[in-house]
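Read through the structure below, which is laid out as structure tokens, and then see the notes.
Naming follows writing order (A, B, C and D), and every chain is counted from residue 1.
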């Protein structure tokens, strides 16, 4: 059961059918999860924004950096050209090079890409080096290619899976989480989907309820033993709303406001990146074109506010979903991270009258 | 009575003695408030970070732009050089030029500045054009100079005063608000003070409680009559923590996370700017110097997280304080904006078990 | 006679008919020049990108900051929203507030703007405080409104006029300069026009010829008396090429490469700003619209290089033109700045075989 | 012989003893060059800013992006934290992942780094896919580790070596180039060293002489066959001047002005990145520290202009050096790129009276 199934209703907008990033039409997610008794707890989560050859049919995209202590690959080219040309892959910090290389392999395997000599791999990461023996760099190119291959539409597994296999969030077991929002028909009926890899700290609150304080477990609960090596949060936002890169960047920035509402603080040690891209069919950018021009029909600046609200709500809920789905895990060097104690949490939610 | 006096306790850190930006030693605030029966409801709020000639003794500063739909003066030079050389003045949108000119006058009146030919005025604004007949541009240089002159340490008036005289926040009367946090001695014992001019929209929540939803009054409550001309939020952060400009910029960015926790969304029409500066005595930057060098003793990156938490909490509370202090106002063309209904609000807070 | 008339041919592209920013169809420039025997040598240069009500018909725009030691007004809103809504006004550093206020007046005087309550004035400046008694802030709103009113198409006066009345460049008298380039028909036939207010330092070179070194007059010629209070360079780039804001920003960045070719170094004390905007009719952005959408037909990223070359060449030539047109001037407190010595300069150009 | 040996004297400042980045005390450069008859012409250039364990003794650093069409690794963390923690490695575009992984290996091999679980590899690249069979991704981790290992002080090989083995610049064979400048003792006596991997286009000029035009070989000489897939330019700037990250960023930005003076235009397809770092011993940033504070003695903003001039001159000369050293090469699929024709070039330089 997900947070919403327990009566935790975040925000004022409706979710999509699956309440997942895959509510955005055409989006596929693939995951490879590795849990081994020798201390390997890591994985790969791949997000494919559409079904075509992405390199030949790029899509508008932007990245907002909430806090840049991270190793994300692909940033500067996305910012300069305003588009992405590979799927988005999430994994652990030290496996970014492997995933980048795998995305080059992936791109090369399309016959139409046979002359391509430059690929801007987009790879995000968080550091699962507490539960996972990260220095072994267990992820191989094959793992990444498998995640890309097994990507599908429909429901997405959350919690200790994919790139979230070994992550920790607010001191509890974190992981992959997802959520979505749908705008009213009169406002375009667009879908905004969010997927997070949660691995950060702060003072957890769920729909405004001070869970971290009540459980006496948060980043500052023992101030002289404050944990400094906070992880990070990777946030992927996809929407079918027709947004140009400037407005995708503004949309991406709002995801951090959603993270804020869970109690996150974008700590010094955190790599908080938001990748936002539009899957709107009319906005595809052909790699080659006979024309000097391209025509875009996009939303006006004045009509963004509901999308901003949507991404804030979906980010908040995706993070909470990651916590609800994750399970306690014993990992590398016997590190043990407990899941969010569900029963107690729901009790506290009830105490604060926040279960519908 | 302020929010905290009613038992609303935001965050995990302690406030300063006054729970105000003036808890930061040496900081003075001056305000000029204009309420006239002919539709003028506006004013000036001036913040002086220290008592000396600021032009000759600049201080490290940075600006984070949450959303740049605004007319803030001074941005690029602060970003390039890393310091401010005038007090910070807040006023209404159309009076920024007047306030900028007044800060030049102010700077010129110091005898030691008699050769100065370049002044980077720092002026923030929000648009009070609903309640205030803003097109009349009533603010004069004299009003600004008066605010600078009457600045003092100690308690700060909140609500419908100064630059907040005519602002609107979450559909309720907004205004000036302030709050502060103090770090534990073992972590430096620093003070972080925040002052806001609240004039923005979203779905109000107070300490996590869904006030806007309960009162059925929020930006999206009537989705087809959504109000687009959202105002803005000016946020001023001062601290005695010794931070270089890079880390002041990072601190400033966190203030937006505090705004997020009140339900703000940084709407398209919002000008959300955070000015952060350090009052640490050792970090003063002399306008002229015999040496090519300057020496700074600053906090390491690793020791910022408590300051981040402090600025998030203080920003959240400063916004809530502005709402609690503001009073219903009838203004220009009989526009009437109600204050946050205190009794009902406290009832809702109680319903959600959020009054101590 | 302008530089080109002497046989100085900069670059590989053709100039427009006037070799001026006014080669871009519809662009008008107006100037007010003030030279007074009591030490006032300053003025205003106004650039109107098109003939309509600009507030109601905004145009895509971006600003690149080469070095941000300056007081430009309007930056953050242009960056956030991607457009300008007023003409561009240039003046001296301390008159930016006056010019900003005047642009609000200007905007308010259009009947269709009678409900407008927010105006993002765009004002650039350089510091003419050597020749001009800048602390008197002689420029009035009337001067600015006059420059806006007298704006016209056709030839532009260069040198000691308008905002360049009192500026200094490479130690010689600087001022207003302009130039343009036209792309081949097969590449769209677009025009790129540049206007500069030159007031900066470095080691002057003209079309690659080391004039500053030969004349033994440059920023580093007497290294222990190096002049630190360098002025600035304001660069305005207009084009009828259909560019979105992202690519206007990239175009703007290239103007600094043109400045570099004159020997400029973007010194610490310099405020080097490039404002680029597209006058393409199809890219007008209506202030109000019945539609949520807007459609733009823009150049692809792949077809920008000739525009980049054009702006580099036109910026270089505009700066040189400002030096050729400017005349020696005695100003405030008997400061005397010599014009570039034309005869000697041409001799040196000949010595280096650089006159056609 | 290098450009200067032929009498080409760029700028007004003195070079260091070697006229190389290794004039900056302690800097080492290592290169691995691969030329194979089966179409492999690529390599690795590694720059070590100092002799210690860089991860434990980070140095202040910043990156300026002239044009972001590139795959540089390490950007966001450098920008967020203001330092680098690995050597800087240059290679070809598709080998960035390999080089990133190798830098992790390199870091792990230091015993003191045995607990390190996060490494921010700094890898730059240009695309040598014309002469090199880049899709084979021939570079291995061993090549990178070898370049790091063989790094040494002293003279640096230029031209078709290391990461410049297969690059093309202004249509001629490009490659690795280096240069340096030394400030006068009275101004601190600092050294600025630059190393470039030249692979970009434009209209070549050497010390202001229009070589590209005279040779009728430049990017726009046949306008309808304009070559769009321009490469890039990686620029590494090291200095012993004590600069904080903000001023390193400003220094980095000036390197693009040096590139401009060679006729470069930062084309759409170019990835032009400048990495600047300070080797000043007092500015080392310990990975771990018992103190919350660190003390930095840095240059004031007012004393940067000579450093700006130095980096501009050294970048210009480093690029020209790369062209003078590079030799004609036949590579992948019989692509042949000629070296800059030395004799003709010198004749043209003479025609323009630019040989001392």
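Following the convention adopted for this analysis, a residue touches a chain if its C-beta (ideal position, glycine included) is under 8 Å from a C-beta of that chain, and two chains touch if they have at least 3 such contacts.
Everything quoted here is computed from the prediction, not taken from an experiment.
Chains touching both chain C and chain D: A, B. Looking at A-C and A-B, the interface holding more C-beta pairs in contact is that of A-B. Seen from the C-alpha centroid of chain A, the farthest chain centroid is that of C.
Chain A and chain C have Cα centroids lying 44 Å from one another. One finds 35 Å separating the Cα centroids of chain B and chain C. Chain centres here are Cα means. That of chain A falls 32 Å from that of chain B. Touching of two or more other chains is recorded for residues 67, 80-81, 187, 250, 301-302 of chain A. Listed in rising order, the residues of chain C touching chain D in the complex are 11-13, 66-67, 184, 186-187, 202-203, 205, 207-210, 213, 218-221, 223-224, 226, 228, 230, 250, 253-254, 256-261, 264-269, 301-302, 304-306, 308-309, 312, 351-354.
For chain A in complex with chain D, the residues that touch the partner chain are 65, 67-77, 79-81, 93-94, 96-98, 100-101, 104, 108, 116-121, 127, 129, 134-135, 137, 271, 273. Of all residues in chain D, those touching chain B in their complex are 80-82, 187-188, 242, 244-246, 250, 289, 291-303.
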